[in-house]
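Each of the next two complexes has chain A plus one more chain, namely chain B in the first and chain C in the second.
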Partner chain A sequence: MTRLFARVGGGVLWISEVVGELTLFTWAFFTAMLKPRIDGREMWRNLHRVGVRSLPIVMVTALFAGGIAAVQVSTYVLKFRAYEVVGWGFGFVVFREMGPLLVGLMFSGRVGAHNTAELGTMKVTEQIDALRILAIDPLHYLVLPRVISMVVMMTLLNVIGNVCALGGGMLTAYVMVGVDPYVFWNSFTEYVLLSDFLNGMVKAAAFGLAIGLYSCAFGMTVRGGAAGVGRAVNASVVAAATGIFVFDYIITAVLQ
Partner chain B sequence: MIRLENVTLRFGGVTVLDGVTFSVKAGETLGLVGAGGSGKSVVMKLICGLIEPDAGRIFVGEDEVTGMTETALMAVRGRIGMIFQNYALFDDLTVGDNIGFPLGQLGEASPAEIAERTARRLAQVHLPGIEHQYPRELSGGMKKRVCLARATIHDPRIMLCDDPTAGLDPVTTHRIFRLLEQLREENSATALIASHETVFLRKFCDTIAYLEEGRLIFWGTVAEAEESPRVMAFMTGEGLE
Partner chain C sequence: MAEPLTVREIIADVFQQGRDTLRVGRETVYYIFNGRRDRAAVWEQLAQLGNRSLIFILVTQGFLGAIMLLQAGFQATRILGDASLIGAQAIPLLVRQLGPTLTAMMIATRAGTGIAAEIGSMVVTEQVDALRMCNAPPVDHLIKPRLLASLVMVPVLTIVGTAAAFFAGMAVAAIVFQTNPSTYANFDVLVGLDVVEGLLKSVAFGIAIPLVAGTAGLSAYGGSEGVGEATTRAVVASSLAVIVLDFLIGSGVFLFR
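Coming up: the complex of A and B.
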């Protein structure tokens, strides 16, 4: 019984510590954002690394995900002869949910994990201490460019992911069900609203912020050498994925 | 110039430093000796405010670093150059960018001036023309010298060297110590060197501080250290069996 209480208590303490660290880190980030001192070269390096290098994987994933969704709905489209609403249904789902969620999860796995590993390694090899000794604030030099890049690039990649998913869906709908691309496009442009697109963009920006903050926070607070870096990467990916779904739920509920 | 007064630090339940008191006068070099885990690296980090002690006071010049805000510490750190045990060179920057980094970030010089000072410093540490290489392309000894160049590019008044010759061969070790002394003299800097190279410490330092399990056992001149059986037993490795 004592052991059970100790386990539960230990778990509660650990969660409190993680939540506390994340909250303090988020507070420090927004405080720093009031008077940012961003190194231009570091900013460009991150925009390139985070955005340009993620482009191929996001495009391929979105293209196939669009195709898969089209295959799934093809049975019902044929059954109800609902050819005219395929474009709308597709656009609605991709813009509001599938696009930002898919890109967010891919982004978290590729960029977030890499970011935590990089910052964690810098921490255990004393590179972050070296920055502080050189009178440079690691929050301004390392964290701000990374988080800003992730918000900006997550939003842009969401647009590209949306286009690819729609392309994949349109192509598959034509090949599998015979929905004319013209009919698909007409239905899409007629019924999908700007608010659907903006809803997804808000989500993408929020997901970028969550991935950026979590991956940096876990990286900057690594303890315990190489094993600690591994644990931090794992925790960062789990936290970012959870954050994505929590943010998704909140934004969906608020903007509904 | 540097003063520690009754400094105590605990990590969890372990006492890392226990009431340590010593000072280093301006322009002096102090050699910090002690077995691994005796608290040498911690002393370095305490002096530049990377760690806050649980008790005691630390002064760098006229400034008390204990209790200082991070912003206030930045000004103190601007006067310090530190060599890390594990190099701590920035992996994704070239050697030239690593060395010129403090000057660029502090906005103290134009890009042309930074390039010129970097090249001059690299020549001084006998590594001319390697500005465009990356740290991963260098040997341990070369990395240490790049580290030395970066730590001194802004002409610091205080040099903190945490095991600057760890894992290096005797010839490179001697070269590093001579460079350290040369660069220290150039800026009339105060230096604190934590090292196991006791022969070189006796040659290059003015005073010696000996730590044992977080407690300061000895602090005095090199001549006094040579008369202390306990310090000499550690420094020479004799009489410990």
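Coming up: the complex of A and C.
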């Protein structure tokens, strides 16, 4: 019985510690953003690394996500033979929900995990302390460019992802269900609103912020050598995934 | 391994990883029938995989169910002016598609990184070579218990996660859309094929995740950075495997429908 209490208490303490650390980190990030001193070269390097290198995986993910969405939407439509709403249902589901969600989870695995591993390795090999000795604030030099480039690139990748998903969905709807691409496109352009698209974009930006902040926070607070880096990567992807779902819920509820 | 950059390099990389995974899979199947019988190792992996992912799955799938019901409910009230049927329409989608896929993606995130990091650090510290020297095949000792455990645990966690999403959806339907829980829990539209599709997917994901993540771990090299790289590869590749399998099985069942 005492062991049960100890475990529950330990878990609660651990969660509070993590949440507290993340909150403080977020606070530090936003206060630093008021007066940013960003190294231009580091910024470009990160934009390239985060954006260009994630492009293939995002495109492939979106292509298949589009196919999955088209099949699922068609399952509903098939009962009523209402082929002219496939495009609408598809666009709604993908633009608002599946696109940002799947691209975000992929982005978190690809970029977030890599980022935590990199910062964590720098931390345990005392490179971050070395930066401090050189009077370079690691928050401005390392964290700001990373978080900013993740927000920017996640938003842009979501646009490309939406386009790829649309292609994948149209193709799947044509091959599997026999929905004419022209009919699909018409119903898509007719009923899918700009607000659906923008809703997804807001989500993508929020997911980028969550992934950036959490992956940097866990990387900068690594303790305990190489094993600590592994633990931090695991904790960071878990936190990012939870953050994605929580943000998704909040944005859905607020923007309707 | 250098980061693949050109299209040709990426395709070559994907094929290489796919071939390695298939090879490991073949070896695993061989050792399942001919290898040693180690119940303790399987039990340990069952505990690792199941217990450590449970709360994470409950939280994320709960939010998933809530998000889904919000989206569906807003549309239903806008178009039909009545949200009482959302439960009946949402439950099949949850059972055959969103529940299995997102649970598996979360397991790929939570357990896939764990598998790759553990095996990867064993590789770079030469413990895997030591196993080989003792005539103990690494696939038999490391991959097989994980595969058997995940074959059991991924479907179990899928059921738990889908249930969590169902109840979170019920709460949202009751609080936001004033739908009676008994009206929400309408299983009329759900057919047996939906359940079969969901379980089929979860079994396929249960096979794919440990194989892909384990292969990524076994191909790690070069110190702690190599372990980090293997971990990243494991998450990306196993999530992608989940999405591709989802597409294939979903399309197959759709044609069967």
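One rule holds for everything that comes next: the second predicted complex is superposed on the first by the 248 of 256 C-alpha atoms of A that agree within 3 Å, B and C clash if a C-alpha of one lies under 4 Å from a C-alpha of the other, contacts with A are read in each partner's own complex, and residues count from 1 in each chain.
The rule we apply is simple: a residue touches a chain if its C-beta (ideal position, glycine included) is under 8 Å from a C-beta of that chain, and two chains touch if they have at least 3 such contacts.
Keep in mind that what you see is a predicted model, and the values were worked out from it rather than measured.
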| item | value |
| --- | --- |
| Chain B versus chain C as contact partner of A:Thr61, first or second or both or neither | second |
| Which of chain B and chain C A:Gln72 touches, first, second, both or neither | second |
| First, second, both or neither for A:Val159, with chain B first and chain C second | neither |
| Which superposed partner A:Ala32 touches (first chain B, second chain C, both, neither) | neither |
| Residue contacts with chain A in the superposition, chain B compared against chain C | C |
| First, second, both or neither for A:Leu171, with chain B first and chain C second | neither |
| Chain B versus chain C as contact partner of A:Thr252, first or second or both or neither | second |
| Partner chain(s) touched by A:Leu47 [first = chain B, second = chain C, both, neither] | neither |
| Common ground on chain A, meaning residues reached by chain C in one complex and by chain B in the other | none |
| List of chain A residues in touch with chain C within their complex | 53, 56-57, 60-61, 64-65, 67-68, 71-72, 74-76, 78, 92, 96-97, 102, 105-106, 108-110, 113-114, 117-118, 120-121, 172, 176-177, 225-227, 229-230, 233-234, 237-238, 241-242, 245-246, 248-249, 252-253, 256 |
| Interface residues, chain C side, partner chain A - complex | 3, 5, 7, 10, 56, 59-60, 63-64, 66-68, 70-71, 74-75, 89, 93, 97, 101, 105-106, 108-110, 113-114, 117, 121, 176, 223-225, 227-229, 231-232, 235-236, 239-240, 243-244, 246-247, 250-251, 254-255, 257 |
| Interface residues, chain B side, partner chain A - complex | 45, 48, 50, 70, 74-75, 77-78, 80-82, 84-92, 101-102, 105-106 |
| Chain A residues touching chain B - in the complex, by the definition given at the top | 39, 45, 125-127, 129-130, 132-137, 141 |
